[in-house]
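Report on one structure; see the data block that follows.
Just so it is clear, A, B, C and D label the chains in written order, and each chain counts residues from 1 on its own.
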Amino acid sequence: MSRADFQPADASFAERVLKSFNKQGIMAHMGASMPVIEPGYCEIHLPFKADLTQQHGFFHGGVIGMIADSAAGFAGYSLTGADAGVLTIEYKMNIVAPGDGELLIAEGTVIKPGRNVSVTKADVFAVKNGKRKLCATMLQSLAVRTGIPDFLG
Amino acid sequence: MSRADFQPADASFAERVLKSFNKQGIMAHMGASMPVIEPGYCEIHLPFKADLTQQHGFFHGGVIGMIADSAAGFAGYSLTGADAGVLTIEYKMNIVAPGDGELLIAEGTVIKPGRNVSVTKADVFAVKNGKRKLCATMLQSLAVRTGIPDFLG
Amino acid sequence: MSRADFQPADASFAERVLKSFNKQGIMAHMGASMPVIEPGYCEIHLPFKADLTQQHGFFHGGVIGMIADSAAGFAGYSLTGADAGVLTIEYKMNIVAPGDGELLIAEGTVIKPGRNVSVTKADVFAVKNGKRKLCATMLQSLAVRTGIPDFLG
Amino acid sequence: MSRADFQPADASFAERVLKSFNKQGIMAHMGASMPVIEPGYCEIHLPFKADLTQQHGFFHGGVIGMIADSAAGFAGYSLTGADAGVLTIEYKMNIVAPGDGELLIAEGTVIKPGRNVSVTKADVFAVKNGKRKLCATMLQSLAVRTGIPDFLG
């Protein structure tokens, strides 16, 4: 739940991040939203739906990975200049508990912003009966590119 | 496209893998199928749909990750005994090109089967106008568990 | 610099960890020490030596990786029972700055202890003129094994 | 043991790679050599020494990681132009067997060369009584930088 402590390069970072997030067809399709955007930090919330499950009725690991990748990517994107963007080079995710609950929250945080490469992380929590439990943690590398003002998930 | 060279512990591995795959709500929902199942190897095919895209109309990186995770996981599951299963400990994926095409193919292969932990990999190709291009490569660790005959994605 | 908050299963965890650390020939050979051991947390300190460098005279990335792997592994080992041990399944490390300084400090922390698999992390700092700077961050999976009371690096 | 199939951008790639390798103090100190350099592929060989061991007398996992990182990094470096170099962004390594033998061989291969980022891999084999066995597999991201003609390990 720790939040990053960075100065944004672009004062309109929150609008820019939200606009890019809203362009991703799959996020809307799954029902994901982004209620928190801060410099170097953002949250994706995803309510439970049966379409998002694996065999035991929990959130599918791939869904957990998707919102982790996006939350960390948009956190990185929040710190670029207005005309720059980021794209995922790679990420590594550990699943530490089943995605069992009525809501997933992915918290993306920048570890080290860079001119060419930014390093970010995400923690994903399953909320069950109002109680949060860590279900995955992710470490991600982003390429920073000028002229592509988006997070390309 | 290299295929693994393993002896299955369970002669009915292919039925078992397919049955587990078919129980995953999200795979059916996305339109994914598993046309190839061999000992230590399987393929997931996913035709293009607008619901699966990011901003530029390519397959979303999260979708690429999801089928990579599943293809490698089911490859690992194909080598367990009839009463055992696998679950993802972690994976790491490099995105090397956009998911641009009419079809994604994820090839999952076992690198090293184990009694407690199996190491697997997946390569994901985008097929455009019939031509395959590598878009992601993944390295994955699976926990092997008796009494849970499934790949828990 | 955050420290974990765990109850040790074995009251003699610190002696056990230090004894295992001291058996590793390469740690002594490099000049590494372990001055801090807490439940789920430990530190490895490594003073500069020319034998440990890459081309630019900084600590070699492989040396940074080695003490990160060990710090996280021994953090995991500090939480096992007296007759159990851990071994590295895998780790992933991001290098975020050169290892430039008179001392490296690797801080290993447990994220999620488990009966079969524990997830840990390490941050490595280069200390230059007394000032700490993050140079690498690592995420690691450990297998927990009874009957092997060691961290097998 | 598969070898890459790439055209070098610099005809003197092998001399350049070897020169950079020879500048790394720690590789000489450990006794490592680089007997094979091809476009997008290289091998590091490391004979057994007691200084390189963990508790059970096997090669330390950190040593395995170090030569894996270097072999993959120099493979990436073999494909850059004469005035460019590479540095490790990150790598992820699975340990699949103990480093038990008289010799370690790390084979580094380029998966996807890039203008800004190259993706590479390494497999490490322990050779015991002349028989090779896979002990680790690694996936790595390199940043390509002009003006730094080296692999900065």
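Following the convention adopted for this analysis, contacts are C-beta pairs under 8 Å (C-beta built on N, C-alpha and C of every residue); 3 or more make two chains touch, one makes a residue touch a chain.
For clarity, every value in this text was computed on a predicted model and none was experimentally measured.
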Open item on the list: If I rank B-D and B-C by number of C-beta contact pairs, which comes first?
Closed with: B-D
Task: Taking each chain's C-alpha mean as its centre, the one farthest from subunit C - done: B
Task: Length of the line joining the C-alpha centres of subunit B and subunit C, rounded to whole Å - done: 33
TODO: Provide the C-alpha centroid distance between subunit A and subunit B, rounded to the nearest whole angstrom.
DONE: 23
Task: Mean-CA-position distance for subunit D and subunit B (Å) - done: 28
Task: In subunit A, residues with contacts to at least two other chains - done: 89-90, 92, 94, 119, 139, 141
Task: Contact footprint of subunit B on subunit A as seen in their complex - done: 20, 23-26, 29, 50-56, 60-63, 65-67, 69-70, 87-95, 98, 150, 152-153
Task: Residue ranges of subunit D touching subunit A (in the complex, touch as defined) - done: 89-90, 92, 116-117, 119, 139, 141, 143
Open item on the list: So in the complex, the part of subunit A that touches subunit C is made up of which residues?
Closed with: 92, 94, 96-97, 111-112, 114, 119, 121, 134, 137, 139, 141
